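Got some structures for you, see below.
In the two complexes below, subunit A is the common chain; its partner is subunit B in one and subunit C in the other.
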Partner chain A sequence: MFKGLSLDQAPPYEAPLRFFLTAPFFAILGGALLFFVGYDVSSPQVLGLLHLFTLGFITLVMMGAMQQMLPVLVGVTFPNALFFAKIIHVSVIVGTLLFGFGLFFEQFSFLAAALVFLLFGVGIFSFITLYKLLKASHKSATVWAMILSVVSLIIALFLGSHLLASLGFGKVGESFSFVLPSHGIFAFFGWVGLLIVGVSYQVIPMFYVTKDFDENIKKYLSFFIFGSLVLSLFFKYAIILTVLGYIYFGLESLKLLESRKRKIKEITIDFWEMSVYSLVLAGALFVGDMFIGNEVLERIYSVLFVYGFVISLICGMLYKIVPFLAWFHISSRGFFDMPTMKEMIDERDLKIQFKFHTVSVLSLLILPKIAGIFIIASNIYLFLNLYKVLKIYTEYKAKPSPFDSFKKPA
Partner chain B sequence: MKEFVIDTREFDPPAPMQMAISELQNIIPGESFLHQIHRMEPTGVINRLSSMGMDFYMKREGDDYHIYYFYKEDRDKVLKEIDV
Partner chain C sequence: MIKDYMTHDHRECDNLYAPLESAISEENWDRALELYMPFKNAMLKHFAMEEEVLFPKMEEFMGGGEGPIHVMKMEHNQIRSIIDQLGEAINEKNTQKALGLGETFMILTQQHNMKEEQVLYTMAEQLPFDKEALLEEMKKVEA
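Now for the complex of A and B:
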């Protein structure tokens, strides 16, 4: 018999939202260090700064997105979702701050504590998520991409822990220089990249009402990327295949967006375009650098990969996901007078953030110190834009649900 | 078996899921099944089916997905009906 119709399978809104709303603060902190302190390119400061963005911004958002999508895509929920989210959230925040400050200000004693928090937070998150994903009865292309992404995260976590322990205990051995690029490759092209691929399979056709990705892309691309990553451990040029895989994915996603039937111009599409152009350019420079070995090229493609490709895409996705979730949670409580997704954040505010973001990417390539100020402005705007949605959600949450008036008296 | 058809290809989220779930209420074991035409895999609906005692069959034709929802005991009957 028909047993259930409820739309309450999603986790509490507060679970993913705490990750989404904290992320901009790490970028603001990174921007402030860039602008007010500056850094020495040849010191561990660069790694400290980089991780404020990769762990503090990117990974926090990715973890929030994963908690949101898992119940819907896989049909399973995290045990005690809000408590689980709080534990992971606090651990990753404390670990990242200790890590970032430890390396930036060369307080290496902070790193051992950072290691404990990050191993705990990221470790629990990744193993529970992987277990839940493997249990999925219907393994769609998104689920497979997520599985490979989380496996990459676990690999990156263990390799990163080795690096962090080496620095924290002052025992940097020969293995350091071998482990460092492998950690970076699995963290970036594995954890971050594959999750983007998997989430895009859902987000693009769903939110932009486009056709679905080609069946062969969905079937094989994630495995191709992950396989080439593993191969690159033994044969370094295999990473070129990984990059080509991503470029192909990026161009296909643009093709889908351009073929959408409703040609309404949206800022989120500008973010997406900027992301793909950065990816293509970064990919080309990365491949070129493998044969040339030039420090300037390295700096340019690193900025384009991290800030141009990933952070642009995250901003665009957040502006779709956060209002949608608010709308979803409010409407499933029986309210139908709330603002539409488009009304929740004024398009003009999105445009301002997009401009600050664009200038951040460009200035990071030329004058990183000046970029700091634009990164701060861009992320303050990002936070304020997302906060507006939270305010609307909170107002409706405080009201009694219209459904309550239909309940029979006890 | 009576076939109910919904075309959700042009609808913004979460309308496709709401429409499919709403229509599933009208399905009667042994008598009817639901046929959804959509632009992507409706994972949100698919993952709710098991707890509803239901099952599905999905095929992709060009850009469209055709998803058939039915009660588990009707699987053979529905697949025969749609020539699988």
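Now for the complex of A and C:
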């Protein structure tokens, strides 16, 4: 009757972790290019740089997180979880590097190869994930948001492939300037945004003990966002509805977080607040810019959306997920003496990283070149913080499980 | 029915934990001790409702073994152990240890609850037995 349902904490730790731990390197690379090389605003270099963050950091983490969440939320696992993780991970990394360097250093011949790797990696991930989500017997609001998010990823992937192929083969035609914004909005407001919305429905009430999101929000918001995205393909101002949807979501999240019952002020709350403030501010500027069309405004809201809203939130969540999973996998092998989540990463190190991160966002708004330094520092810190957890996990993994001593014949 | 009741019970347990954590962070140890027992009892009662009544009933239809119910029971044991360690940390007035255990308890419990609410209780609702009668039986369980 319930064949194939698994409540196990699959996949193995190594599957999502490889995504989480490689993500900071793309941001470090992006920061280094910003600082040491700089870029020409009107050239495709900006696109190359942007994708080091959106594909290399954001999408990698989100792919890893989804593999972790699907068994918990939907009760289904990926086939051969570790193998699946490895091939997607490698192809997205190689694809993103070829893409980033190809555009940044104008080596357009790299782009065809980038296209192959990205189509393969993102394609396999999105179709299998979508199939698994559609198979879920009970579709909660979170599952629906995830479905719409992955559908958006598929749309963004195909539009993006067209763009990449045009650049790669030097045939940038009229369609380019129409497809480019459509790709951007499906990638960002669809794939990234809807996944955050769906996961927030679960994570905010649970981690911080708040009330649930309003039933109507859970029922309609993700459809409203996705619907207005599709509408914006035909009528450009419909995107305002999408962004208003996100502003509303941001304000509701803030309200819940402020009325949380867990009064403890910990660093992940700071990351959440920073994320939500950035979202609301970016949304307001975006709507204003639709009528004004000002380049400075565009840069500000882009930074706030991508770095302020999404990357802040991801940092905060990584600090919960990575130590927890380490603890869980160690504990599942029968150990009792491992450090607690809070002991795995020193609170002071988290605060230092938060400061570097905040300065990164602020300086990106004013002086992108200088921001490069802070992005590098912040992401080295992020990596080191997460790496400490990995070290604890590997130490315990090398020890024989206490369970084994029970199994040995007397 | 079972799903609604048990989901609500999860939230009640969270609501008992939140003020306990605040008391620990303020190092108000008398208050923490006072809040610890009702919280622990509510958790144990919830586990007992599942392990003594709900799970055995579900196993009649689904079989036991290494399936989802087995995984849920293992996680209950992990949570019980961490609740005990939390009690010791409160007795020792060790703030950092208690907060660390609390955070671990919280996430462990939340992901466990998520699996029960999204998957296990939904299964229970679909199995052919009298849910109303079973729920009454569950409510009578003592921790």
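One rule holds in what follows: the second predicted complex is superposed on the first by the 399 of 410 C-alpha atoms of A that agree within 3 Å, B and C clash if a C-alpha of one lies under 4 Å from a C-alpha of the other, contacts with A are read in each partner's own complex, and residues count from 1 in each chain.
Going forward, contacts are C-beta pairs under 8 Å (C-beta built on N, C-alpha and C of every residue); 3 or more make two chains touch, one makes a residue touch a chain.
What you see is a predicted model; the values in this text were computed from it and never measured.
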item	value
Contacts of A:D337 with subunit B and subunit C, given as first, second, both or neither	neither
Contacts of A:F324 with subunit B and subunit C, given as first, second, both or neither	both
Which superposed partner A:E174 touches (first subunit B, second subunit C, both, neither)	neither
Which of subunit B and subunit C A:E215 touches, first, second, both or neither	first
Touching partner for A:S140 - first (subunit B), second (subunit C), both, neither	both
Subunit A residues touched by each partner, larger count belonging to subunit B or subunit C	C
First (subunit B), second (subunit C), both or neither touched by A:V72	both
Contact residues common to both interfaces of subunit A (with subunit B and with subunit C)	1-2, 5, 7, 9, 72-75, 137-138, 140, 202, 206-207, 209, 261, 324, 328
Residue ranges of subunit B touching subunit A (in the complex, touch as defined)	10-14, 17-18, 21, 24-25, 27, 29, 39-41, 43-44, 46-48, 50-54, 60, 63, 65
Residues of subunit A defined as touching subunit B within the complex	1-5, 7, 9, 72-75, 137-138, 140, 142, 201-202, 205-207, 209-212, 215, 261, 324, 328
Parts of subunit C lying in touch with subunit A, wherever the complex brings them together	14-15, 17-19, 21-22, 25, 61-62, 68, 71-72, 74, 78, 81, 96-97, 99-101, 103-104, 106-108, 110-111, 113-115, 118-120, 122-123, 126
Subunit A to subunit C touching residues, read off their complex	1-2, 5-9, 72-75, 137-138, 140, 202, 206-207, 209, 261-264, 266, 320, 324, 327-328, 331-332, 336, 339-343
